[in-house]
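The next part holds the structures, each set out as structure tokens.
Across the two complexes that follow, chain A remains constant while its partner is chain B and subsequently chain C.
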Partner chain A sequence: MKSVNLYIWAACLFAAQFSYAQFDNLQLGTVTGNIESTFQYYQPDSVINAQVPPEKGALNSFANINYRNSFFKAGVRFESYLPVLLGYPQRFKGSGLGYRYAGYSSKSLEVTVGNFYDQFGSGMVFRSFEERQLGIDNAMDGVHLKYRPYKGIELTGLIGKQRFEFDSRLVDGQGIVRGINGEVDFRSLFPVLDSIGLQITAGGSFVSKFQKDQNTQLVLPENVAAYSGRLKVDYKDFFISGEYVLKENDPSQDNGYIYKNGYGVLINAGYSQKGFGILFQAKSIDNMSFRSDRSAGLTDLQVNFLPALTKTHTYNLAATLYPYATIPNGEIAYQTDVMYTIPKGSLIGGKYGTKINMNFSTAYDIKRNTIENDSFLRGYSSTPFGMNSDSLFFRDFNIEISRKFNKKLFVNLVYYNQAFNASANIVAQTLGYIYTNIAVVDVTYKLSKKHSLRGELQGLWTKQDKGDWATIVLEYTISPHWTFGFIDQWNYGNDLLAQRVHYLLGSFSYITGSTRFMLNVGKQRAGIFCVGGICRQVPASNGFTFSFTHSF
Partner chain B sequence: MKYSIFYLLAIVVAFGSCDRVENPIPGDAANYDVTLFPGNYATAYSYPTFGSNSNNNINVLIEDYTGHQCGNCPAGAIAAKGVENANPGRVFVVSEHAGFGGISQYQRIHTPNEPEYPKYGRNFTNEAGLTYATAITGILGNPYGMINRKPVAGSSSASLWIPYGQWQTNAENILLQNNLRANIQMAVNYYDETDALFVHIEAESKTTLTGNYNLVVYAIAKDVVDWQKNYAVFPNDVEFYHHHNVHIGNVNGTWGDPVFLGEIASGAKVRKDYTYKIKENFKDLEYAVIAYLMNADTYEILQVIMVEP
Partner chain C sequence: MKRLAAFFALLFVVSTSFAQEKLPNVILKDINGNSVNLSELSNNGKPIVINFWATWCAPCKRELNTIHDLYEDWKEETGVKIYAISVDDQRTVDKVKPYTNAQGWEYEVLLDTNGDLKRAIGVNNVPFTLLLDGKGNIVWKHNNYNPGDENELYEKIVKLSAE
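Coming up: the complex of A and B.
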């Protein structure tokens, strides 16, 4: 009923306010979309503690259908969780519409009613997004306006609730989120800047959430606001950008119901030219968990997004055993990334050149100063970039060298040295620090024009947690349709002999046009899956997974 | 164009401003210090809520004005305890160490430079009790007391002070009449890490009340073993005397907090939250809290309850 009302309202809105628009010559319009279905069949395995739901099989399925005709746009996403795959939020169940919208879009104005995604600045003040692999979808459900009154100026206003559950239909959280954002591109306003290689953009945001105070013990702020200002300057090969966010008192489950203001600072600076690039990033956040429901946890109902200043690793052991997730209650992080290409034709660079990428990132806890007689529950005081040097959260140094030796052989070598505070990020079976060395050899050999073989050999060495690991990956590709893969992850250094398990997984995929079929058979170890500093616990499983994707 | 601007502005206007909460604790922060909670108050403290109060009985407070150097006072204490034991949950005794003029010879404390010290060295008095003894006129000495601060029924005297021999009769009269005009609910938590009492009270009018009514809350040490003069035994100086329900201080000031003013309809409720830090000379004991609703003009106690943590 709610969704029906929404569409009636949307129809009235368009009829009343946009009747002047040129809908007289409507064509059939265009329909685009995509379908993604993943079915997993589970089998028990007591050694790896693989879980099996009562249904033994589970399905996550999504189908996006978008329609556009002239200025009009509309779309839906049909979702099925029958039942939801293990590791995803278990409150996703049934089949129905999980996302629907209608809107109007012209050069100067965009209006959307229903569901929408958006982001202000870096996202530290507001980000509505879907990360399907993590089970995150905090889509807004309300009204969204984007208005460009003049070239180079863009204003955005939005109001709505956030998606929380799916029970054969979209179920929103309690809170209401309101926001405005302004962006100014000075190069568009003053073209002379372009001629001297200078580009300046500035922006500001205001976001407020409302949630009723039903607490008898505390006087909770029902309206919590956050503000941000940002500036980016590009000059020829250099750039520097910064954003500062201030969040007003926001007592919540995350921060232990303290009334301290939160803040976030993010600074990026870089230089790049052909064959060389350097990036420096610094971040200081404190008490920046911002949710539309103050009692929510995990990845639920987050209004903002706090980027992690770490390199996103792709190799299995580096990416999934001890990945770092942003700690919203407070962290100070730095990252430097250097890329250099040894010129091709040189003695060291070889015929095709050699790429070197060095990355160093680290994160620490903030320094919290005690407040004596804190009868107003401020919690503590802190200053931006005031860190507690004894409280390393994470450190990662890695170097990657990739080189194409000839038309058939490509080699990628990576070394990682990491220190991971398992007490801060609870992902391991131990607390305290885990120190790891990881090495990866990735070789691709092109057997013929259409046939190639790729092999990975990975090793992780640590004296903590589950000890040493090795991974071997073999992937045979017959372009453009077929890929056959095999992966063995072996926890050969586990102190418990019974846990020195081989996690064997075979895979096959077939691609034709925009359609892809994929089958995985074998064991998947329990671990953490992270995207952009947000992580999801993946339970151990044994069985097979079939997935299908298609876009149109 | 004008419509889009309109909508944008409408959204801006629709924004609630941010609610900046200076004091997150409901009620009077001056009397409720959350720093006395040993832990994260916001997440770990169990803040009680009160349901409907089904009590239909009036209770009685016997204020036994006594002194540790008063040899006749143990007889009064025995009389008060007897009434309390005979009416469990309905009659509560509070031992108030105060006398004529506030502090008389019977409440005198030996200081460390006196040869008798530490005998009678503990200061049993408290500011509120001493004030009552002078403000509520008529106390003649010790032991003397008040029974819900009502004069003797049928007496021509308006004095609230009653000799201990009449305490039982007056208490039983009040119980018999059972004229309940107000109810009180209370929850108490005690934390020995900080020597603090957290007190939560709901007062409710059971009939239409006219006048000014105060909620008064006492911190009570249930059993204090110390010197007491007792003429009923020999030697008269008893070292390990059990002082029962000693009033050690007021949680919310001498005369409490005004909660009902003017004409109050039946069923009106007031909630109050307090903290109390146990004083140095009464630490490491067992405690209780007595709360009563008092007519601020006549001192009459309409209802009283006692709760232990």
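Coming up: the complex of A and C.
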């Protein structure tokens, strides 16, 4: 039924376009979007415990179509899971519309009805977003208004339910989310600030969710509000910003149904000039899981987003074996980044300059104080940045040095030293601490104007969990169309001899403009797959994957 | 399956037959906190390159660092202007300003933290490059980066600026 509607819709657009094709200057508006289709064929492999669905093959497809002319905008996303790929939420099934909206958009007013994404401040109070590669999508479904009454002032109001799952169509969760947000950009209001190099932005939000209380034993708050205030000051090369969020008591599955307020504090400060940058971040959160359904789990129906203060790594042994994720029930985290370019032409800098990136991050559990006679079931009390210093969740020190030696040779070296608390973040089959040292050598050599060869050698050394790993990557590219890749991840230090497996994967891709075809053949290890620092578990698999993406 | 195929075929027809695409009316912040409306970008009739990237994306950084070494020449020869649109989300967005300054980049760097521009353009993955002619029409889109791809981009820029 839904897809029939879509056909009619698309056919009308097409007919409209066709009949006006002669009138070149007529504003017909534009259509943009993308198509993505991934097919995976699974083969059994008992050594790596590869899963095979009964269908043996799985296909995920998406098509986003956005239409806009001067003021009007509308769009849909067609989704199809025949069946869903392993590692995605397995309750996604069938084909149909997973997202649709229509609206009006001018310079001062934007109205959207249907699905929309937005974020207030750092997202600790509200963020709806999609990370398609991970199967995360908490799109709002309702009404969204953005109004700019005066240059530098922006007001947002929204109400809606959240996308929960997909069953041949979009299925929303039960709860309703409502929010208002205001942002003021003082430099736009007072241009004089520009002349002294000062920029101040301030904002505040109110977000509330409603869900019926159907619990027979507890009296649960049906409306839960959260407030946030934030300020950012940029002065010449310095900046400092902070946000504070308070969430009223919100008994939920996540916090064990306690009637305690939650809070979050986030502070950033940085300085940068040409060739040098430094950033310091601090975060303290307590009881900040905020969902539109108090019994939801995993990444479902989250109203807010709690960023992890760790570096998002790109090399696979560092990125996907023991990545840290925020612990919403309570965490104190710090992070520092120092980035420096040794100037080009200097003795150490070389012809093109040498780049150094250092990063240190750490996270601890909060200190929970017991409450005497806890008649309101508050659970415990805590103070911002009051941490339990023998409860390390995560620590990561890493340094990356990259240098272009000449027009042909580029080398990147990285070293990581990490401590990961597997009892707090369950990603491994062991508990307790996993201490790792990781080293990466990444060399790119340009054979000619179009041909290049890239090689990566990675090693991970640990006495815990699955022991030592090595990874070799070879990639041959012919610009602008072809890539031939080979990767071997070898668990050579596993205590179990039978598990000292080579995970071999061959890949091939062809790109032309915004179209890409990709074929992967081989084994994928079970682990964490991350995009931009958000991760999901993927099961081990053996077989091949074919994917096609196109943007228009 | 048949319907799916028919649908995709229709999509192609629709997408190729519409009017010239321009940048949408989307407002993003730059790294100094100033608001920029993408539909109002202009470069005095010269081409504009829009490059989507992220601090966690290795090929993106490789591409922008490669072009960084060539940018002076490109500007001189064609007058091109490059906008680097960071799709970093809240977790890494605060690293963008110190990072780009430390690299010494001279691009205009904008923050698409909520993905508004990414969605409006139909970007699948980063790196993703758009080339705009002097009138603001999007004339070329490219996904991914392999060493040497900068030559293909530059050839297209030269062709545009000669028109």
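The definition used in the following text is that the second predicted complex is superposed on the first by the 520 of 552 C-alpha atoms of A that agree within 3 Å, B and C clash if a C-alpha of one lies under 4 Å from a C-alpha of the other, contacts with A are read in each partner's own complex, and residues count from 1 in each chain.
Definition applied: a residue touches a chain if its C-beta (ideal position, glycine included) is under 8 Å from a C-beta of that chain, and two chains touch if they have at least 3 such contacts.
Every value quoted in this text rests on a predicted model; they were computed, and no experiment measured them.
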More chain A residues in contact - chain B or chain C: C
First (chain B), second (chain C), both or neither touched by A:Leu218: first
First, second, both or neither for A:Gly277, with chain B first and chain C second: second
Which superposed partner A:Tyr150 touches (first chain B, second chain C, both, neither): neither
Touched partner set for A:Tyr257, first chain B, second chain C, both or neither: first
Partner chain(s) touched by A:Asp374 [first = chain B, second = chain C, both, neither]: first
Which superposed partner A:Tyr510 touches (first chain B, second chain C, both, neither): neither
First, second, both or neither for A:Pro307, with chain B first and chain C second: second
Common ground on chain A, meaning residues reached by chain C in one complex and by chain B in the other: 17-18
Chain A partner contacts - residues on chain C that touch it in the complex: 1, 3-4, 7-8, 10-22, 24-25, 32-35, 37, 54-58, 62, 65, 69, 87-92, 94-95, 97-99, 101-104, 113-116, 119-125, 128, 140-144, 146-149, 151-152
Complex contacts: residues of chain B adjacent to chain A: 1, 3-5, 7-8, 11-12, 14-26, 29, 33-35, 40-43, 45, 47, 49
In the complex, chain A residues that touch chain C: 3, 6-7, 10-11, 13-14, 17-18, 21, 26-36, 61, 63-66, 68, 78, 80, 82, 95, 105-107, 117-119, 122-123, 127, 129-130, 152, 185, 187-188, 199, 201, 232, 234, 237, 239, 241, 268, 270-279, 281, 305, 307-309, 312-314, 337, 339-341, 352-353, 355, 357, 404, 410, 444, 446, 449-452, 454, 477-480, 483, 509, 511, 513-516, 532-534, 549-552
Contact footprint of chain B on chain A as seen in their complex: 17-18, 108-109, 111, 143, 145, 147, 155, 157-159, 178, 180, 206, 208, 210, 216-225, 248-249, 251, 253, 256-259, 373-377
